[in-house]
């Protein structure tokens, strides 16, 4: 069991299936956010996980906190304050109709964090991993500065840093992203991102054609090698999604440790119950493998299987055990009833 | 059929019953706001009603618009633009546990309206009534200035002005309210408000003890007489709520036309399905009576019966017909099955 | 355990709570109808009950049949055929807003029954009671003739006849009702009806003021005595409802056996979950008491307690046991948790 | 923005998923009907659309009206009257179990329309398109006569006529259909129908084998050429469905403008959320393309993409924008999350 | 119409979709169990079916009874008594996540049956088929003895015996199973089981690799021939499932009558709504074909089509008619809307 | 903030409203149990609470654990093991129909606890209160012995012991109860129970007539004085419920500290959303007051107000804050909307 710290925003998620957001008369309620999702997923893999964030002192902030506690995440470093909880509305797509997200996260408690809100020296004491994503750095100047601060402390304290680039075009431009993200890369040990992320955040050019649902594994090698050389990552990994439709995806992963390229098994996921949070599960799997397996092939296989399972569960959180992931890795995706 | 124009904010409402907001896994979705509620209610009384507002160009703005259209409200003067739709979360109370509202309405499209967003000369052409509430004026300086502008044009064009004082302590202080509201009173013909509103918005002192659920009709007479004299209102009206519990209220109304005091029949409402919007139904009933009845007693009786019925229907909107209100006024609150 | 035969229409019921029918996006589905409700209720009191009717050969007819079978009613004499199943839409009222029924039952399979659809000689063999209501006789000329036919056969075979007058103003006028119902009364042994029924179906004048929620027990005595004398009933009974609101009723009953008047205990029912079918439960209780108790006071007390309990259960059907009714009769309406 | 008038019946739809109609305890409620669906779909493509029909003066008629208003359809020519609203029950199929419809539409307000219920001269003034379907003409003799009347007036006023043949075997026989439909074809400018429709309504013989899910594009050419020659259509179009299962369809379209055959892109739709109304979306897309694109290939591609998207949304109504259809046409059916 | 008797346990089933059991806030409720499912399915094929079991005298026992009655199963031989109703919790899988069952059935009323609880001489009088499964024999020693007793009486009375081997590894070991099941085989006329069942219950070795979703038809022939020779079965049949995922299965069947091997059509089922009970539907189809068709190919085709349809319906019970099965057998799995 | 330890069983609760358990097609899911409820309630009053129990290693055990964690209860001393989670089914009553509980808790993991499952020396280190109820002691001999063990250790370590007598007639007889409970009383400092509990567990005779909904405050004084004298309690308290109906209760409390009798304010609760767990809230309030207020009147007022609020919230858990309880104590039970 390792100690893992993640830092970012937790939002209220309001979703609707089979209908448009415009005509919804009920919303399903859950809470989610990239870094919180990683804390939850790694908790289910039996690590001690700390989520660091800021939540408003109202019913929704309390609801977000309770949601994390239910999953067993340690919340003692979550600050209470600020104006509001960020919200996102999710119209869950189906077949040819893609999912749609309407963000209402401006001015959230977390994005307005002060520079001294989080005692990172104390928080990171004894930690094995500090994890952040490019969403946090995109939220506000302070958030980016806080990530930089945490990274520096982590480096100083010997805590490894994991970063999921996670480019969000609704939050910032490529230029803004690169200006913030590139200087942070010097602190990163494990770098995770898909083709688009490498291009937008670091200025690299993968050749995968996302829309058509094809992925070019070969194209990644060049990028991964360059990234490792440029920034000294210990490991680079990417999930590769083939988007056949909103209900049907192909899913695999690639990992490069500076010596060898590892490509995972490929999964065909149909139907997709909820793909939100699958990238976070992939990152969680990479971190888990890095900490526990000492086997790169097993690591990428685990990360891909764990995140493939996430697609079958409602909500942002991936509530699967290591045992369930192993079962799928070992070839049982047959979906037979266990009885 | 008269033409009535109302001006204000429409919000997304997310509510939960029997549970706390913190533990909700579903929210019921509807849309509401004081002035929109009045436009809807008066439409059901067969008037042509125009709601004037600003909604963001996203799924939630579209959902709000569709909700109004379904009720038959004319939306041609609603502007599309701005950042976000205001939201409020409603924990529906029961018995000893009061309902709880969490507002998340800062920076809404409407509250950020520009001073030239609404062509009031065109909008008010041929109108019989222009209606606003103290919520609109509390939202922003621009909103208050827009109300003033509309009032001046209405006065110039011979359109009567109706105002529901509707003090909201979460939006502004009494001092702020009085600074804005008192100067607007010169344009108002029909003034509606409960005891607290008169005190907070206009500086008057009613003696009703709200918490204990008692109301002192006598105390109102003095205030009403003073208000009519101070501001030249044609009519002043107030609903009087006895709050026995979140599920059980007494309900009646008072009206003063400068000559005589009229007190309505008293209703005992138990259980309450949804009391949000009942004040707006009361205002709608007053306006309807003013326009159609030429009978002050009938007007206050209608307003009280219409708003009593609102308590029995989910949502902000009061979807009852004039015929249904008459049925209740005529003594049939027995709830017998019509078959 | 007695054999009881009831004859009438079973309808699909589509209902909505807290909202208007106009805005419903879900309907709760159940099946119900006066005579079927009696068959179900008496089955729960452990009698062998046969419901005789006609249902269309489609999914809804099958659904109606399955609903009866679930309750244990013997359906072997239900004919399959005709065009459609009657439907009624129920807006469940609350407090001051009464429930509203929209009938869509014209041209139903049952109302279009042929005169030779039901082999009443066979059906009534060994029966103790044949029960019908004034709803059946109002549906069509054939239905009225079929009731007459069944009554004659019952009389011939020594089967006692029970009739719930059940006047429905949406189905026929008082004149039509009296023309059909008065001649049928010669066959009736147990006659059940409230004040309105006696007036509309038989031309009697009760003095109870239904709307105001007052009931005048005294006024009934005269009517009951006259009815017994006019038609030779063995027993006349009426439930008396005080309609304080759609959610709150008073409930008691009166019975006259030609010798003595019996008045039941009075129940205060608040809130009402579903009052549809309560009259049918009252009739069932009267029949059950008549067959099993040989005690008039116990009979009227049982009928009133059984039907009071019906108000607390969703749907037309009263799924309470004799034991549960006795518990309430014996004074335990305290609603304490049994654990 | 064009003015489009559609004429037909709007029904209440009650549906259930995953279960049989017989065991449903809830129905999902919506409203739909071929011509209303076209009015709604074209409204979402920004046209001014008028739906002409007759609805009963009860809660369900009002509900139907409100549903249309919510979508922005102009309802000023809808007549209020008649006995009842038609209803259809929909058991939504899955995989090998096809969807099942139980109609209960006999004697509906619309089917009993009088010959002078609709002032077509006034209604069609300034219209660009008058649209009807073979469902309307099948409902009653009067309905067929009213369509004929409207067609004649349209022709006289220079309004183009669009007809979706839409053969329904539960409403009439082929012989009845041909007797009514063939004479009407002289007024039709745009004729839409699938293989079965051409055979049943006009007596043509397509060779597609519907059950086996194969479609023979070649077979259509002959029919389309003949139809254009026989009746002088400006355009003939058909959607082609490959029914692999209730949850998985192939979907494309064909269009002939007298000069050239255009075949659309093919879509694979899996899973299908709700295929009811997809044909109406196809017709809407054809009309929209005809009015706006002046490009036959773009027209058939648009119609097919618009109707493919319909399959992914609950209800009869297709609430997609022109922009969303263009996105799919341009190749993005990948269902990626937009965020 | 034949008389069929089935003997076994009926359980309460509590299920959740799209979420894990751990986070469920609602459970869908139904009742099911192998032998009850057969009684229900064969009732829908118009046989008179008797389910023999023991249910506790509480609300859940009553609910189970009512569920069977709704389907038309004759329940007169169901004993009332014992401590509790067995329960199973079902997490419905999706795609790569298999369904998960948590049993809580120990100490159930049925498993604690006494040896003289069921008057099998009376029960089996006039019966055509007595059906049991290997689940019943695994529940307790008494249950196994009761099955033996029933089989002996059936044999004596000329009632044919059908057995679905149905091995459940959570209930017993292979050794235990074989010790009980092998001696019972002498009484069995129709033996049904998949590859795993033959191995676990009878010690045979099929070669199909279940996990990988491949099935080897050839491997079955040897086993079937041996089984017929060893035990004198009149017929052996097996369904063959290809488990591509929890949402997508291939499905076919094999039958051997001692003379010839019959292989059914193959079905591709996607998505799967509910696969629980599909094996019971297969057994029901075999029994139905055996009793009614006198055509082995038709029998295996019917059994496979009937059970394929079961996958599309919620719950343990297969509510499809013989007509619907024939429709699918005749090639219409296209899922087209019937309207 | 004090440290409080509670010891007992946590069950799965499956409930249904408005319908009978027999006809439920959905159950609402939550978890609850007397001692867990106290741990949850006191956590919401800001204490550090530890719940000590045993849960099975399956999805339901995990669900129970997650439910506690969500509320913030420290679960580190919960053992994982045993066969099954106890379950109770709750038919929520209404008006005259009382709630009904069906227990299925035999053989639960907790009731089968071993005598060395819980390291009470470690658990109770630094604790302020150890709380148990008479439900725990009724579950099994081991459970009773474990309570005795914990009490002895608590006494030795100076931890105060609180006991809620909580007699459950479905679990044991009065004789059994008294045999176990009386000897335990020597360790108890705070004793809580209603009239029935004192009679059944300790052999005392209160005179309150529960069924009729009357309570005799005077009768309690004698019992309380005797109890204090007999067992040396520091404090005795009881809630007094007037059961007008399942939906309407009166509620107050009594406390005796050896010197003076304190009677709380009386609350009228109507409607009741969920009364399960209200007694546990009362106990929690007593403990909270004892630890924090040093004011007996305030203590009993707080306990009664806290538990009155519980009646308005779904589930066993009382999720109200100290601030909300104070608000009600200070007279605001008016249920006014806070906005």
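We call the chains A, B, C, D, E and F, going by the order they appear; numbering starts again at 1 in every chain.
Note that in this section a residue touches a chain if its C-beta (ideal position, glycine included) is under 8 Å from a C-beta of that chain, and two chains touch if they have at least 3 such contacts.
Computed from a predicted model, the values in this text were never measured in an experiment.
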item	value
Shared interface partners, meaning chains that touch chain C and chain E	D, F
Any chain that touches chain E and chain A	D, F
Farthest chain relative to chain D (centres taken as mean CA coordinates)	F
Residue-number overlap at the chain B/chain F interface, same or different (half cut)	different
Cα-centroid distance, chain A relative to chain B, in whole angstrom	45
Whole-Å separation of chain centres (CA-atom averages), chain B against chain E	62
Set of chain E residues in contact with two or more other chains	20, 22-23, 25, 66, 70, 100, 270-271
Chain contact topology (line, ring, star, complete or other)	other
Chains grouped in pairs wherever the two touch, ordered by label	A-B, A-D, A-E, A-F, B-C, B-D, B-F, C-D, C-E, C-F, D-E, E-F
Chain F-facing residues of chain B, complex	18-20, 22-23, 88, 93-101, 103, 168, 170, 210-213, 243-248, 270-271, 275-276
Residue numbers on chain B that touch chain D, as the complex places them	66-67, 69-72
Interfacial residue positions of chain C with respect to chain D in the complex	14, 20-30, 58-60, 62-63, 66, 83-85, 87, 89, 91, 100, 102, 104, 106-107
Residue numbers on chain D that touch chain A, as the complex places them	70, 267-274, 308-309, 311-315, 319-320, 324, 328, 331-339
